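So that you can tell them apart, the chains are marked A, B and C in the order they are listed, and the count of residues begins at 1 in each.
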Amino acid sequence: MTGEPGRGRWATVAIVGLIAATAFPFYWAIVSSFTPESRLFSAPRLFPDTLVLDHYRALFTEREFWVPIRNSLVVAGTTTAFCVAVGALCAYALARLRFRGKAPLLALILAVSMFPQISVVSPLYLLLRALRLINTYPGLILPYLTFAMPLTVWLLVGIFRQLPAELEEAAMVDGASRLRTFLEVVIPLALPGLATTAILTFVYSWNEFLFALSFTLGPERQTVPVAIALLRGQYQVPWGQILAGSIIATAPVALLVLAFQRRIVQGLTAGAVKG
Amino acid sequence: MASVRLEGIRKTYPNGHVAARDLDLEIADGEFMVLVGPSGCGKSTALRIVAGLETPTGGRVLIGDRDVTGLPPQERDIAMVFQTYALYPHMTVRENLGFGLRMRGVAKATIVDRVVKVAEALALGQVLDRKPGQLSGGQRQRVALGRAMVREPQAFLFDEPLSNLDAKLRVETRAELARLHRRLAATIVYVTHDQEEAMTLGGRVAVLRDGKVEQVAPPMELYRRPATVFVGGFVGSPAMNFLPGDIMGRTDGSTLGIRPHDVVLVPPGQGDLDAKVDVVEPRGSELLVHLRLDGLGSERELRVVAPPEPMVPADTVTGVRFDRERLHWFDRQGRRVE
Amino acid sequence: MGHTLFFAVVSVTLELALGTMLALAMNRAFRGRGLMRASVLVPWAMPTVVSGLLWKFMFDGDAGIANAALVKVGVLDQPLVWFIRTGFAWVPVILADVWKTTPFVALLLLAGLQNIDASLYEAARIDGASAWRQFRFVTLPLLRPAILVALIFRTLDAFRVFDLIYVMTGGGPGTSTEPIALYTFNSLLQYLRFGYGSALSVIVFVVTFALALVYIRYLGAGLTETKA
């Protein structure tokens, strides 16, 4: 902490200002989503006088918004579950077992995670079309694995490496096979890290847009971000519903993130600033 | 219990570091063998090779009559106590103790039975349902010990188990370990960097340096008849003094070793040499006197342990006489000659 | 391509600058730190399209609060239709990106800041260094690796920007805000010019890969150490 007394007040002002600036768009979005249609397009007021549920109701009655929600849950949920389960095994092998080519493999994983998605959309589209997987759940989950798996493995390798190797050695001397050591000693200890990784993977999958846009054809399989982006009104932009949908889209991930914020911050920064 | 043998063990790491070169060691059934040496001498590596946590680049490991060189640790039937105890933090003491037996598919009733017996023997009966995080340092040490005992293995391996304890606990636990050895007639391979610990615990002590065994012998023999300059200087505190042989009339390049306890201070001119008193450390029961010998090329220091009285003032000149029965001669290569 | 560069340079610069300030502010222990962290994480956790839409709404010609505020304060005489005027369309887009990702940058830098030994600042203070000097000679140099990491991450991301533009401007007005990712996308899926689109994909990939290699060479060495 740098702590110089004179700067205290200045810093507080800056902090308050920054929190306000960051939080304002939210506040505004939430307020507007509850503002009746008629008021939306006239002069906006900072503190509204009427609040209605019109937009939210419309989303579900007129637009069947629960469909994209279901789709997002299925896709993000399955992707996360698979990635964590398989990724944990991969990561453990990478972290603890000795075999040739480990360093290039890790570098490859890092590189793959940096691929621009746009570059793989085209070949993936053709591939999925050939497999008749366009507009299906697997048709989204499989592409999602291309970015979710590297992310998961990368994070988990870091987490496993941080566990004291002596515990695993003790278990092996005690007679546990590698697999049993992994299941009975490593996993219980790495549980917080696994949870964080799962949340991060879920967040990335839930928020994903490009693949979801490219590989689905209609509302039955579109995910929440796509559904919101494509909301069209008859006469004018349906801002109210868009904002309501946005709030719904953000709420679950925001809540997850808020609940686990400290862990998430650690996870995000540990991987990056290892220096 | 079984014997443990290391034959021609070699270990070179991928980065070129040689941890063990042609290491030969035999530990008899029921023997308490201590491996001691400075950091990097290869003692921990040797232990881990016995455990199966490292594979040697060459050589064999035998436990009992079985060649276990290629076997993973799970199949070697040895138990290890780690420096940091490595207790499973998410399991209770009871579960920690029973883990090894559970892994080997021992019947539940037997597990319960043995765990209770060992817990009682180590005064852990009250804490069986606590987790390691809730125990004191000494208790944790005993759980680590108990986990090894419950397994009733062919040999016990200890990797600097006392270095995390404070001085008082260390002394108590040392006695505990000695008792354990007696009671179980266990084969124990024990690694430490503390020569005092080695001397007090070991039935035999192996002094390692640079991946090789310099000398293996019971403690007193190491003390009285060190095989090399290194062993002489390593064992015993304060350390042995080394002087060029021509001080006592040998001109063949040999080195004289003499322990501080084996030198007597006499009035100047009446001893083998004269020296100037540099620093005097009163230690209660004795004085540790640091002397300076000039006129030998580089200034040599001589350490002498003297009786607490009379007080030796600094910057005076005194004579020193060496106990003729306690001279250690070493040749040019540092090996002992008679 | 030029658009992509412009976007990348401007937003990354802003994000770094703001992120540094934010990280410095967050580095002091104070009450409400949890609140700060939370409010800073949520923008990052939102779908990009959502944050894009939020800002689009705020800058909407009619309903947007930005116009209302600016008119009220006197900067504008009448509401501006941001998304119709070339050049002006960048403002909300860049603001949206900065708003969403500065938190991430700040977090990276914060981690780097926390790794700096406090005693270095004390030594500097004793040596008589002012706050600005401390920043220049202690903080900045030691923060360099973290800054580099943040820079590389963000630059890569900025190059790949798609979601935001798609949803805010669709590349418009005209094609004035169209980054390369969107251009490729349109070629591929809307105009179905697969050959051309694939070629573009490869170009984007190569550029990104080159940047990624730089990154890996720098960071990869430290990350592939094994402890087994």
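Operating definition for what follows: contacts are C-beta pairs under 8 Å (C-beta built on N, C-alpha and C of every residue); 3 or more make two chains touch, one makes a residue touch a chain.
Note that this is a predicted model, so its numbers are computed, not measured.
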Classify the inter-chain contact topology: is it line, ring, star, complete, or other? line
Check: interface with higher C-beta contact count, A-C vs A-B, is A-C
Look at all chain centres (mean of CA atoms) and spot the one farthest from the centre of chain C. B
What whole-number Å value describes the gap between the mean CA coordinates of chain B and chain C? 58
Counting in whole Å, what is the centre-to-centre distance of chain A and chain C, each centre being its mean C-alpha position? 18
Separation of chain A from chain B, taking each centre as the mean of its C-alpha atoms, in whole Å: 54
Any idea which chain A residues touch chain B in the complex? 164, 166-167, 169-177, 180, 185, 188-189
List the residues on chain A that touch chain C in their complex, please. 1-4, 7, 11-12, 14-15, 18-19, 21-23, 25-26, 28-29, 32, 40-44, 95-98, 102-103, 106-107, 110-111, 114-123, 125-126, 161, 165, 203, 206-210, 213-214, 224-226, 228-229, 237, 239, 242-243, 246, 249-250, 253-254, 256-258, 261-262, 264-265, 268-270, 272-275
Chain C residues touching chain A in their complex are 21-22, 24-30, 32, 34-51, 53-55, 57-58, 60, 62-65, 68, 99, 103-104, 107-108, 110-112, 115, 118, 121, 131, 134, 139, 145-146, 149-150, 153, 156, 159-160, 162-163, 166-167, 180-181, 184-185, 188-189, 194, 197-198, 201-202, 204-205, 208-209, 211-213, 215-216, 219-220, 222-224, 226-228
Please name which positions on chain B make contact with chain A in the complex. 51-53, 72-74, 76, 78-80, 82, 84, 86-90, 99-100, 103-104, 147, 151
